[in-house]
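Both of the next two complexes hold chain A, though its partner changes from chain B to chain C.
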Partner chain A sequence: MRTSWLKYLGIIVVLLPMVVMSLFPLIVMISTSLKSPAEVYQWPPVFIPREPTLQNYSDIWTVANLAAYFRNSLFVALGATALVMLLAVPAGYALARFRFRGRGFYMLFLLVMQMFPGIVIILALYRVVAAFQMTDNLVTLIILNAAFGLSFAVWLLTGYFSSVPAEVEEAAMVDGNSRLGAMLRMTVPLSAPGLVAVGIFSFIGAWNEFLFALTFIRSQDKLVLTVGLWKYIARFQVEWNYLEASSFLVTVVVVVLFMLVQKNLTRGLIAGAER
Partner chain B sequence: MSTVTCRDLTKRFGDVVAVNKLNLVVQDREFVVLVGPSGCGKTTALRMIAGLETASEGEILLDDQVVNKVPPGRRDIAMVFQNYALYPHMRVYDNIAYALRLRHTPKHEIDQRVHATAKMLEIESLLNRWPKQLSGGQRQRVALGRAVIRQPRAFLMDEPLSNLDAQLRVAMRREIIHLQRNLGITTIYVTHDQVEAMTMGDRIVVMRDGLVQQVGTPSEVYRRPRNNFVARFIGSPAMNLFAGKLMTEAGELQFRSASFRVMLPDAFRAARTSGDSGDVQLGIRPEDVAVVEDRPGNGTVTRGVVDLVEHLGSDAYASVKVGNEIILARVSPDIQLHDGQTVALSFNQSKLHLFDAATGESLLTNLPVVTLQS
Partner chain C sequence: MLAPSVLTFLAFIIFPIVNTFVAAFSTVDNLGRIESIGSLRNFQTLAADPRLPGIVKQTAIYAGGSVFAEAVLGMVLALILNSDFRGREWAKALILIPWAMPFAVAAMTWRWIFHGQVGALNYVLISLGIIQGPIVWLGDPTLAFTAALFVEIWTSVPFMTITFLAGLQSIPAAIYDAAKIDGAGPFREFLDMTLPQMRTVVMIVTLLSILWAFNAFGIIWVLTRGDPIYRTDLVVTYLYKLAFEQSDFGAGFALAVCIFVVLMIFSLIYVKVLSVEEEQR
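== the complex of A and B ==
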């Protein structure tokens, strides 16, 4: 009993600072979003507002064009997700089922691409987008977000598809399905958790994306949430209560989605290794 | 109901020849077993017949129709896989009904046939279960049901019993034999288990390294193995093989190894080795070696020291050390033998096998059968 108690204490001592560090900004965000402007600047600051108010949450819709930002973000995130699914499903299937020359290299290539920071190529990317006269266009964001999310999605789906025994598909083919039919009626439904994980992950990626949105979108009515918050709510003077209230709304979407997906996400990453 | 024909069927994976010019005609209603060690190409051959692998060369015919380019779903064959390959997201009923649904069979007919099939296989009570809720034996039955319901032109079975425990395997073996006979459907069955091959097949095809070694009825393959590989592979425990020379002494044909010599029947005189060396292998199955009383005129071949006795209940096998060689003999379990005891051995002269040491081919294939099966 003594040792387990000590161990427990040790774990707390190690983990507590990390928990505090990662939760602190979130707590500040929630706390500030519930304060009146006067209380925001009060010194010393308090964590729990003395007169909590939801006023900020109703004001933000008029202070900035938040509804439009939400709409644009949703459009980009859903579009990117759809595009990722459309491309990653066949790619992941091919990598899981077929052995072809360069397969190993391609898998490695995907992994390396995944690590590339967007900022390194933003200049070159801008010239390409400009050449296609696609600046200030939300479709550009869909394409770029999909492109950057694709490698991870393919990698994850390859693992999921590999975990479905090939014999199940072969049995379906002998029973009368074509290969495509067997894929769509066996492997894809059996990988449903993986598809959901990839979908939500792509969505979150596009939803949180800032750099491309900042670089390629100029018109105010086409701004997405990340840039909109940064540009308008925090432009002349930072109105912390509004900023934090909007940030909270944006974050809630991500947190809820991540909670839905986290179990499937780790399962997908392991699935490929198990075989 | 139909015949399956392979003509020079070949499969290459890069430089590896998995199946090399397989020629085989499986007659209507026949049960043919492809048997061989792992990697011998038997499964690849089956998968080509199913259409799951494309043939590199050669033809596959169902009846008179070349089906090389026909996709698996249109060949009207059914396959049972080693790991059953049930559809995990469908209940047992839907697993069995799937193929009929793909063929747009009317609903009431599907229902009737699913129940008839389930009844035959005694899985009626499982129709509402999911595959993961079934035991290995039950899954096997569902997999069979999925094949049987279609009344296909041929059954292909890829080691369907190898995931079952020993007792269940024997029971399912009998069921599959009955099922095949009752339905009269041409069947090709792949296994690495020579006991399954011997007990189930009307004919056996022994394969090794992609090449067919011998095709024949179980008794033909057992009694007249065409080469030393088949001789060792079929039969358990394996046949004794001894390296030595053929020579004639005082007009008598004999086999001489480093440790002992055996007089050979006159019929063996026609045997000719590929070279002039006279190097051969003599083969004899353990049941044709007897431990005898050591007295003259008793057919004694040699004497040796008992190394180990293994009791199987109904039989016992004695390993007898003669010089550097071990001779395995089947003995009555009632005989009291102890390790280190010196015993005399005799060979059944009519059950001897002789192989060319260089090629491994039997030297007896051209000899008249009567002299050998006396």
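== the complex of A and C ==
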């Protein structure tokens, strides 16, 4: 083939280095997490530890407050996911099934909201949260994460619900179901893969969130993983072996979830979608 | 059925935006509470801030530099991944890893890689004979800024790549057959056939990643926290520092309004590009 030399040049010069680069932090993470404290600061460092140990993975539960961080992150991420689904399913359904004034505008609003950075309104939120005395409360994180994950979720769900033909529902209604019954018995189960994808995206979003957790949580025992680990490195002498072991555990959770849903990723952002 | 979602947006996004505007044009105390409405003092304070021009410039370089590098790398990777070869699916999955990692955790690991004495980067570069002794990467303004830019690019290339890939795969194969008959080389083919087809996708992705540069708070905060001496700060981190470290909520609100206006301009262009594409279908 004419272009094959170019292709192989590309694979060797660009693709291979990029794959290595993508994996590099993960490799360093795993490598460091298997080292003894003495070996971490050794020069020259080695990528494959001379005496690999799993000690760090058992120590982190007592050295840092990791169990609490995990519990809090899980609570926030699951809470936000549940709240997003509760709010987004009816909205996505309405946008998929009904034509009404302002629908196009709302779809555009959702699209723009998807990349709205929380930092722009963080000061106003700070005041609101303080006024309601909700500072240092994990529920605050659930609500804010849900509010910020909502637009992407509604957008995706609208697409999924639209792909279930309305005739399926009408048939169910002829069989004596109410509209709600038809929606819950037919459309929602038929969109199950979409619902799962949206749920996982919401979970990942809340699990990875940093800014709100940094701003609104004060007490040690209420910290979530991202900020908890960050506070740990802000200390004087960092035990990187512990930090990287914890980081690896945090990462594994999302990488696995992410790989399950990555095919849906471009859908919300790029597709001008069924309007 | 829309009401719950609409109310959520109104309460937690629209209301705070309005609130930000009102507060920006008011005098506020050092906890951000409004004292009296109708004042330009916050904007005057902000305009008089000697650090701001540098930080705005840094933000522009950060956004522009990352978008350019990401677009080029993403396009090249997408073109490669669009062709057939063994291990393609693996390469695709592995390329996505940076995107999947929680960026706060990724930034922490990069901080460790950039470690001034025993970091992996120093080790690799010394072993390859590129540098003589360890470099304190995050201690020097230019190097630290470059490091932050690098991490930003690292996290965003995957999105660019798979979006471009999706775009490439939607180009009908027929137009390439015509080019083959004309005997066009691979570069001509890319410039004449592929790129025009990809125009909208390129524009959308570019706009999106400019907007994302305003989401870089976490990366900067974890990696450098704006150090040394505000040289790696962006408007988004500086806004946070103004309010929560310098207790100048007024200037913070004013800066938030400025960022909001810039974001709105880019968002409107984005919506415009999308609706043009919609009409062409």
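Of note:
Quick note on the criterion: the second predicted complex is superposed on the first by the 251 of 275 C-alpha atoms of A that agree within 3 Å, B and C clash if a C-alpha of one lies under 4 Å from a C-alpha of the other, contacts with A are read in each partner's own complex, and residues count from 1 in each chain.
Convention: a contact is a pair of C-beta atoms (placed from the backbone, for glycine too) under 8 Å apart; a residue touches a chain by one contact, two chains touch by 3 or more.
Bear in mind that the values here come from a model prediction, so they are computed numbers and not experimental data.
With the two structures aligned on chain A, chain B fits next to chain C without clashing.
In the superposition on chain A, A:Ile143 contacts chain C only, with no contact to chain B.
Of the two partner chains placed by superposition, only chain C is touched by A:Leu211; chain B is not. In the superposition on chain A, contact of A:Leu74 is made with neither chain B nor chain C. Once the two structures are superposed, chain B and chain C can be ranked by residues of chain A touched, with C on top. Applying the stated contact rule after C-alpha superposition, one finds that A:Met85 touches neither chain B nor chain C. Legend: residue contacts after superposition of the two complexes on their common chain; A:Thr32 is shown touching chain C, with no touch to chain B.
Of the two partner chains placed around the shared chain by superposition, chain C is the only one that A:Val254 touches, whereas chain B remains out of contact. When both complexes are overlaid on chain A, the residue A:Glu167 reaches chain B alone and has no touch with chain C.
Once the two complexes are laid on top of each other via chain A, the angle at chain A between chain B and chain C, using C-alpha centres, comes to 100°, given in steps of 10.
Minimum Cα-Cα distance between chain B and chain C in the superposed model: 19 Å.
Overlap of the chain B and chain C contact sets on chain A: empty, with no shared residue. Looking at the complex, you find that chain C touches chain A at residues 1-2, 4-6, 8-9, 11-13, 15-17, 19-20, 23, 31-33, 73, 76-77, 79-81, 83, 85, 91, 93-106, 108-113, 117-118, 120, 123, 126-127, 154, 157-159, 162-163, 166-167, 185-186, 201, 204-205, 208, 211-212, 214-215, 217-218, 221-222, 236, 239-240, 243-244, 249, 252-253, 256, 259-260, 263, 267, 270-271, 274-275, 277-278, 281. Within the complex formed with chain C, the chain A residues making contact are 2-3, 6-7, 10-11, 14-15, 18-19, 21-26, 28-29, 32, 40-45, 47, 86-88, 90-91, 93-95, 106, 108-109, 111-113, 115-117, 119-128, 130, 143-144, 146-148, 150-151, 154, 207-208, 210-211, 214-215, 225-227, 229-230, 233, 238, 240, 243-244, 247, 250-251, 254-255, 258-259, 262, 265-266, 269-270, 272, 275. Residues of chain B that touch chain A in their complex: 50-52, 71-75, 77-79, 81-83, 85-89, 98-99, 102-103, 146, 150. The touching residues of chain A, when paired with chain B in their complex, are 165, 167-168, 170-178, 186, 189-190.
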